[in-house]
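Okay, so here's the structure we're looking at.
Just so it is clear, A, B, C and D label the chains in written order, and each chain counts residues from 1 on its own.
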């Protein structure tokens, strides 16, 4: 019988003990900001895959690669040994399709963190503002008051206009659930329109996170993608303005 | 593994036995009437927090305070020792997101009541009528016929025009489920439009509840908020009338 | 902890063994046809309540009587000792709110039938046709081929134009699930528009069922209600026609 | 108590051991392509029914045959002993109504395959393209890279334009879940508009599958049905064109 959630570590990892590890979560979400950052870091740092998570709470589908090879929707764990500590990445295709599944999966992520002796978790996400943002900030949230100063001094903003609001999905729940296990957690959210995949916002989050964990990551390729995106949006906006001007001539 | 519902009492409460306690439930709902009343009483009486409830049936999100501190969506228990008896408050951010969860959470609330030896429960809510109400009444429901006289004599109306209708969510289910445990329960519902947070309606419920449990609560601040709200609505209505008049000039 | 489904028999019933019993299910559904028939029979025959069913799959609400007394949404069991055999009625406020709950509740109904030694079940329902029907037929379905002749000779139609279609909810599932327990089951469906509570359709089902179980039930009051309904609809239809004529004058 | 999923083998099958069996899944889906192919093969080959699957994850309804006999929604297993090996068919009325049910049912199908010692599974489906297709191709997916060559050489296309996309439901999940049990699986998808039941697409899939499993199946009747369908669509398209021309005359 299938388990509701299955965690499998690769054989190559099974006897290893991560050194003073931290966990970085970058699952799909608003503007794909968290996913962009974590996938980019894994790629640029050459992190090594160490495990997989499958669950009946993911969408009921397989994903095909370009060669027609099918695999279940999944989350993946990667490991990168930085100079000071091991960094574990949690990334994947999907989050839960049900409310209850969100809790159960997020608690599973925290259980993994506890098992691997993780003492700090960074969760990454987008913060949807509903309009294009010229200079997107990185907003923060923490699960212990003492964490705030350090994060704030790295350039993260804690002054949100909408106090009392929440963070939906794994990026939020992990903060709440890890606190119950005594694990520190910090959420970094890049401001983003919420309508588009947003590499600009991701680049900002990457810059901050890189500083916080003291792991340099060359941002060039992400910045390039952000620049392309910016151009594309500009030309779209110009197009719209053009239409408006035409209309005002007519009117 | 995370439990579907977790009840945690604070250490400061663990060995205490509430004296002849009653339970007042004021969770979010129509017009936030019940929540307004219970939160206001907790604030004004200086009730002491004694416990927390978490559940996978709550929305899958964390809530941020103004300092960016994240916590899981939750329900909370507070205790206030009145002269005659201990009063336990059940308040919180959310109710269940699923039908089944509503039953399971409400039964959990009744189990808490039974454990704490509660003999009577008041559930608070709004009764949505779909239009602004000038003098909102407080409607009542009971889970044992003998309870009605006492409640009615405090000014609560039992003559609803829509007999056969129901009360949805915790405020209702607690009445039904507590009866099975031999606990008396009374529901007080303030009439309200259903469109707006309604401190006017809440003030009426507070007045009645205060009388019923014989605990004076200074209603000034709630009345002030109600007065402000009333003014705001009046000016909105005036504004609408103004527009209509303008339109009739044009026409 | 609350059970997903709870069946409680009244003390007055607990030691009794129904004599050669049949079960009649009349839960809410299309046109409320099944509910109208079963509730009417219980009322006219003076059947005695013997049990209650509660479930987390019912809508999460309590129902108020005209005196403000609240009770959980429920299903009820009634017993009527006819000359030839005991008749058990299954009626109630609601069916399941979830797909899975429909299966679990219907299987519970069949388990009750098996425990009480029921050898035949009648499930009652409406068959929605999407338009007003002048002379609504009673359509039938069975869970064993041999049952058809008897039912057909009582005036039930088995020639549906839409073979391959289904019966949704308890009235259907009970047929399928009781077969697995070796219990015969017959579904009687009154044709109905599907838009309105339909006492006309119910009166037709009552007439057939009464014949099939050999229990006379005075149909006068149901016929009266049907006649009133017919008048109301006629005047509505006339009203519509009137409007159309007016419009054609204008045009 | 009802099980979430029940698998029942017929008595006639219980002691038999399929010889070197493969499994062909053809459950309802896009364009009913998979269902058309598998049902047609069962019919033409005269395969023998060996088992049934019921589940609370299927829609909560019974299905009526033309004689008014009701049966639960179900999946069925059939067996055909071809010259080289036994072929087991998995067909049925429905797939799961819930996301979690899709996983649990698909895992159950894989468990059946493992129990029956199946070494290869073919899942059949439609691939919706959103418009009518003149010469629908058959697209493929595999759960092990080595399987591709054989499938490709039978005429299946693996060059999809939308790499990264997925296959939803049983046809997809079986690929992912069977891999975990060491069973090879191949998905054949006929291109189809997605709006209509598509015997043309099914005929193409049948031709390929027939070649792959080396079991000749006379395609005449399916081709006839496809030809009828093609004519019907053509006349519909002509009709539309006619209307357009009329309109252009008016304009």
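Heads up, the rule we're going with is that contacts are C-beta pairs under 8 Å (C-beta built on N, C-alpha and C of every residue); 3 or more make two chains touch, one makes a residue touch a chain.
Just so it is clear, the structure is predicted and the values come from calculations on it, not from any experiment.
K.L.:
Measuring between Cα centroids, what's the chain most distant from chain A?
P.N.:
Most remote chain from chain A, centroid-wise, comes out as C.
K.L.:
For the copies chain A and chain B, give the interface type as same if over half of its residue numbers appear on both sides, and as different if under half do.
P.N.:
different
K.L.:
What rotation angle takes the CA atoms of chain B onto those of chain C? Round to the nearest 5 degrees.
P.N.:
Resulting rotation angle: about 90 degrees.
K.L.:
Between chain A and chain B, what is the gap in Å from one C-alpha centre to the other?
P.N.:
37
K.L.:
Just give me the whole-number Å value for how far the CA centre of chain A lies from that of chain C.
P.N.:
53
K.L.:
In chain D, what residues contact two or more other chains?
P.N.:
Expected reply: no residues.
K.L.:
Graph of touching chains, which shape: line, ring, star, complete, other?
P.N.:
Contact map by chain: ring.
K.L.:
Going by the touch definition at the top, which pairs of chains touch each other?
P.N.:
Listed by label, chains in contact pair as A-B, A-D, B-C, C-D.
K.L.:
Mind listing the chain D positions that touch chain C in their complex?
P.N.:
It is residues 1-2, 4, 56-57, 59-73, 97-98, 101 of chain D that touch chain C.
K.L.:
Which part of chain A faces chain B closely enough to touch in the complex?
P.N.:
So the residues of chain A in touch with chain B come to 96, 99-100, 102-104, 106-107, 111, 139-145, 148, 158, 160, 163-169, 172-173, 175-177, 179, 187.
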